[in-house]
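Report on the structure given below.
We just call them A, B, C and D in the order they show up, numbering each chain from 1.
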Amino acid sequence: ETLRWASTTDPQTMDPHAVNSAPVLSFLNNIYEGLVRRGKDMSIEPSLATSWEPLEGENGWRFTLREGVTFQDGSAFTAEDVLFSYQRASDEAADVRSWFAPVTDVRVVDEFTIDFVTNAPNPLFPDSIANFMILDKDWAEGNDAALPARDAENFATMNVNGTGPFTLAGRDPGVRTVLVPHEGWWDEAEHNVTEGVFTPIGNAATGLAALLSGEIDFIQPIPLQDVAQVEGREGFRVLEGEETRVIMFGFGHEHDTLLYSTDVTDVNPFQDPRVRLAAAHALDIDSIDRVLFRGKIEAASQLVPAGISGYSEANSDRPAYDPDRARALLAEAGYPDGFSFGLKCTNDRYINDEALCRAAASMFAAVGLNAELSTGPVRDYWPQLREDDFDMYLLGWSPGTFDMEHPIRFLMHSQDDEARLGSWNFGNYSNARVDELLPMIQQEIDPAARQAMIDEVVAITQEEVAYIPLYTQPLIWAAKDNVDLTQRADNFFMLRWVTVN
Amino acid sequence: MLVIKDLAVKFPSRFGDVTAIADVDMEIRPGEIHGLVGESGAGKSTVGAAVIGLLSQPGYIAGGEITLGETDLRALSPEAAHRIRGDRISMIFQDPQTSLNPLMTIEDQLVETIQAHSDATHSQAVTRAVDLLEEIGIKNAASRIKAYPHQFSGGMRQRVVIALAICTDPELIIADEPTTALDVAVQSQVLALIQRLARERQIAFMLITHDIGVIAQVADRVTVMRKGRVMETGETQQVLGAPDHPYTQALMDAVPPLDVKIDRFRVPEEAPIAGEGPTGNVAEAWLLEGQRSEMLGLTLDHLTVQFAAPRTSLFRTPAPYVALDDVSLTVRPGTIMGLVGESGSGKSTLAKAITGLVSPTSGTMQLGGDDLPYGKTRGRRHPSRQLIQMVFQDPYSSLNSRHTIADILEEPLWFYGFVSDARERRRLAAAMLELVGMAPEAIDKYPHQFSGGQRQRVAVARALLARPRFLICDEPTSALDVSIQAEILNLLKDLQSTFGLSVLFISHNLSVVRQMADDTAVLRAGRIEEVGPTEDLYEAPQADYTRELLALTPVMPKAWRRAG
Amino acid sequence: MRDWLKRYEPVWLFVHSPAAIVAAVIAIAIIFGAVFAPWIAQVDPYDLSSFSLFDGLLPPVWEDGANPKYLLGTDDQGRDMISSILYGARLSLVIGISALTIAAVLGVGLGLAAGFYGGRFDAVVMRIADVQLALPAILTALLIDGIARGVLPASVQQDVRVAVLTLAIALSLWVNFARTARASTFVQMQKEYVQAAIMMGQRPVRIMFVHILPNILGPLLVIMTVDLASAILLEATLSFLGIGLPADSPSLGTLIRIGMQFLLSGEWWILWIPTLFLVALVVSINILGDFLRDVFNPRLR
Amino acid sequence: MVYFILKRLVQSVFVMLAVAFLAFSLFRFVGDPISQMTGVETTVADQERLREDLGLNDPFVVQFYRFTTDMLQGDFGFSYRTRQPVADMIADRIPATLELGVVALIISLIVGIPAGVYTALRPRGVLTQGILLTTLVGVSIPTFVIGIMLIFIFGVQLGWLPTFGRNGTVQIGGWESSLFTVQGWRSLILPAVTLGVYQLTLTMRLVRAEMMEVMRSDYIRFGMARGVPMGRLHYRHALANTMVPVITIIGLQFGGVIAFSIVTESVFQWPGMGLLFLESIRFVDIPVMGVYLVVIAFFFVLVNLIVDLLYVAIDPRLRVKDL
């Protein structure tokens, strides 16, 4: 059966190591495979590796590889390919090299055994390389694609040779990309797709029209407000789920003064945890959910949603909507009349991001926090955040490793360029205990001990209101009735789980 | 054949119906050239348009009869009327430049007309067209017929227009000012052609014109119109030679004669005499007060003006177009120098060179003994910019229609720094209006509220308010009716003698120049053909070209003129 | 009576043109509403505390589930539609009119000068116009926006969005004025009153602005109205492409862009009411433009 | 003639250089390409290295000089986003945009010209007033709204036409064309109509105004006076004479059509240059944006030249005898 599907963005390259972006990784997961892969419930399961265990006597992991696997061009898969892929993916030219930051050495033990040596105990390492895709060494070298393309294209930008369930049958960048099943795939096919045609459709209304007119079978995502419309139509259905992305507000902890205030210009009230808490109490997540998100979001208490490993059950309460308390806290902190400040938001990055910020600004205003809202496209948003050009900002975070350690590393640890920690902690929230706990969490093998440490971090950051976690972003896909598919929490669409009836 | 009875035409306007013509009676016989004269706006064109059924929107015939032979033209359906057009009645317009479709060849236009009215095949039509062109005097017609209108000269184009009108053998041709845009030589040829066609083909012509000379020369009978009504109609000789109607008499008086010089033009109606009013004297006094300097003459020495031709090739600089070629001319102080010549001979270019609007390529100009710098180098504050003033041809475009008369007249006063007090300026401007024969109250109006003659008076007033010593008049009356022309010319003459101005008077009308100028120069293709005292030049022309011009200018027989 | 009418011919024409009257009534009503928005509108959509998400997505009164307080319903933020539209129209008009003024001043000035001086100056101006025409408006907007970001301190950037957008629209409209002014100036240059002024030695600036300009105002006025309409639409389009105004200070265009999200969701009023409003405004301005064209056409006088 | 063309070409080069310069100076402000090229986990050091590699740290003049000199040598660089050669990417997209633009233009002409003639000849008719008002309303609705409405009416509700994309293309030489299949036309029609609405109104009003003017001219009156059939007068005489001003404006507007196709292409997911450009803005793909602008400028200049040549074809008065 032919399946036509659409999403907003075209994968910009077919090279699995060149770009670390969701559209690329999601798409290439249909073609390439890693040593491990994620199942329908996001759990790690064997893929090109059949099993893995910690190394004895040193830090790291040993992977036992699957035998009898062939690439799409027919050549056999061996440990050399893994080594080659590691070298390729950790090269300077590769955007995914950060995955291998803890790796100090990779050794081929035999044809189907390979060791990854890390600088410290790293219990999460197998989880972190689920998107590390394996290329055929001979194919890549033979086609001058031994390294990811830097400024010019190379063979791997437009061609593929993976071990995965599908292979490329046609590619017209930005227009359409066609996949057909890989006949020699090692695993048993669950799908009945004979051809998959992917089209990027940037405009949400157009995409929906394409679905409703029957030109495509499936689209990810559709706008929230159109869910009812699609559900109401004969022959279509909507798949709803929780994405792992938590939306939050961050503060400029580090600034000594507000940048955008018209009234308070000598201090930064957000350095006072009471003010931050006041802001948290000002937000009415229920109304936001009802009106803006039509009941499709889940309020968030911490930087990962429930269900992600490391989620702190012990700290699952978020500050309630309580404007009076917010006002009281502000008065207590010395701002009975409130103050004005700058709030930065994207308008093309997260679902309803602009509307959210407008609603939040309105709610802040109700307790005296007068937000000067400034919204813009994401293309110049990160540079602004990196330049510390904000008082408060919007951020969405999806834990790449599906573990709480990820946001702690990127968002909660103090900025440390050397150690590459806290690199997205734009406001530079800093707490010595959190900084101390992070390496311990990373190295702790015992789940209970590890969870205790994580709980401590979450408690601290909640106590200090390091961020205001708002909600988990919903995941809304729409398809024709006759298409069975699986919606995975990382928003990856896997063609191998699709059946067309 | 064509009989018009009690014809009335109305134009509904935004402010109610305007009657353009009323009670018009006229009769035209086969082969007759019937002249229709009258001042501008008299309704001449309207009569013609009513006959052919092409009244401009939204005009309509309000009453009367028009019959062509047996056909009642008013009773025809639009389709039938369209069939009659070309077939039995045709029309020729004033401007051959705009009467032909610029995008189609002469052949196409002739063939489509012939085929519209006969079953001729294309080749038959072409043959007929070629014959016709030969007949009306276009040489090499077989090859020239492929040309586009712009490739023909004005005279040839007018012939083509005539060919288009006669190619279907109509009974009646309405010719609306068919020669006004042509120079005398071509005009006489076209008139000869019309006469020949009337004689040989028995085509009746309704010849609409305001040029009495033309009528006198070719028309068998004539109708005089004024303000939408017929004043007089009859044999040409009778109407023009012994007019019954006072209006016709007055009109005849205003026609400047070519063969004698008269002192003043006779003005049809009592026009206000210049400088009569009490305030007019103020202006006169003010102007005379400015007459400290003596009269200034102008000397042009070997003046040449070239225009760069448009560049069309990468490698060749095209030869420049010589508009004035080695012109030497002296305007004696306090006299009028007439400058005649056909269109395009360089008359206006000469005026522009003097006023600094174009820069000569070589030669010198002297105003009262001082060198006059070329246009490009003449400073904005050069004294000549005040001393030399100009009255332009077209009173409609020479006054800024968005400025009041006051704005226009006061401009020279403050600009040249004569009067600094605003109230005084206004008083003087009003006085000057009176001096040129207009009501001082007119000062707050806009130009479009005046007639052409009145506007030209304003233009004269503006020139005078600069206290000029040298006045250039570039065809100052060619846009005006004879009667108004007479008034303006009288005015200019009076002012010139009162204030001792030196004047360069440009015209293509030899009769007018004869009446105005002390000396006359004849210009042809940028060269002076002849120059000398006016009387000598007209009585005993030296150059062939001058003689030809004089011979071809249509005039009334001397006998028809009442003793001046 | 007749004299009076003749003197006020445009008035007479106007009174006899039903289309122009209807258009004028609509345009004036909208402009009135826009100007007096702060007094008419029941909420100030810029004042975030004056409305609440709680009232979000209410339909117009004639639909089920409406709140009579909000005649035309509310948007997804709980803002009263009428109020947003009035304020939006206000902003759109401010942007449109100021962009137009800038474009007119720049374009007419350059066009007049190009027509007056001709030659090389003319060639340079026209080539600049070509460059401008070759740069789509959206790019001009990006350019100005970018420069403003680069040059201005962060704290004022949000405040200058309107100015940035205005300038961008102005820049993409001036060419029209320049070309028309230039062509009309060429015609006027042949007129003898201009020659007379040049001959007198008047200053070029005076000749251009005192003598020529009043005579070419007719066609320029027509462009003005047509371009006012396009300026308002351009602003809407730029908003659609994401370079318009922020959503919390909405223009009509921004309201439509936001409304587009609700095209299918059942909350039709969020899109269609502002759109209807915009269409009414633009159409009536255009009809008035046509009317002016007739008034100024000498052939029809 | 040759001189004329050469002169225009030289001027064109300057226009294009100026556009390139302006374009280039704006890119620095569009955003930061690096943060768009790299993932969340890329370290600052890696980002800096990439920045250095791409020459983004060089002074503006150096970058511009490199851009122009490379381009003059036919090297259009590589996209930051896809790493493909920009020349190929743009060349791939040109047919889509051009066909869309040209078909939109043709639609606007074959509807606009007769409508203009009709409304000019019957200025007070009911149908005339209807046409005038409808088109006025048509241009008063923003293009993107019109596009989406068309999609929902003809694509979703009626199901007659595809809602997005460009299907049924045929490769002819190096040109991917959708003009040779029914499929292709079906995809083309909605976007072309959307894009053509504005142009159509403009053409119609222009033809109407010019036609009314020409119908008053002497040669038309003379044509009537000599009984040339009315149809011939209207179409052969009058219409031809309205074409010079109409062509000028349409030529000028064609540049606008190409530019406005950005909106249409984005609404219809039409794989043309405009869509590519929008994506490039999103990803701050400077090389693509730069080349796009220069190509647009080139088209603009080219169209202007063609317009000038068309004048000569239409109007014999402009034909210069010596070359």
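Couple of notes before you dig in:
The working rule: contacts are C-beta pairs under 8 Å (C-beta built on N, C-alpha and C of every residue); 3 or more make two chains touch, one makes a residue touch a chain.
Everything quoted here is computed from the prediction, not taken from an experiment.
Ranking B-C and A-C by contacting C-beta pairs places A-C first. Chain centres here are Cα averages; for chain B and chain D they lie 49 Å apart. With each centre defined as the average position of its C-alpha atoms, the distance from chain A to chain C rounds to 44 Å.
Put simply, the C-alpha centre of chain A and that of chain B have 86 angstrom between them.
Each of residues 149, 260, 263-264 in chain C touches at least two other chains. Among all residues of chain B, none touch two or more other chains. Among the residues of chain A, those touching two or more other chains are numbered 205, 348, 377, 380. Under the contact rule defined at the top, the touching pairs of chains are A-C, A-D, B-C, B-D, C-D.
On the chain B side of its complex with chain D, the touching residues are 52, 54, 56, 82-87, 89-93, 95, 98-104, 112-113, 116-117, 148, 150, 161, 164-165, 167-168, 174, 311-314. Residues 30-32, 35-46, 49, 53-54, 78, 80-85, 89, 92, 148, 151-152, 155-156, 159, 162-166, 266-269, 271, 275-276, 278-279, 281-284 of chain D touch chain A in their complex.
Those residues of chain C that touch chain B in the complex are listed here as 2, 5-6, 9, 12-13, 16, 191-193, 195-196, 198-203, 211, 214-215. The touching residues of chain A, when paired with chain C in their complex, are 204-205, 208, 223, 225-226, 228-229, 259-260, 284, 287-288, 291-292, 342, 347-348, 354-355, 358-359, 361-366, 370-375, 377, 380, 384, 389.
Touching chain D in their complex are the following residues of chain C: 123, 127-128, 130-131, 133-139, 142-143, 145-147, 149-150, 229, 233, 236-237, 240-241, 253, 256, 260, 263-264, 271, 275, 278-279, 282-283, 286-287, 299.
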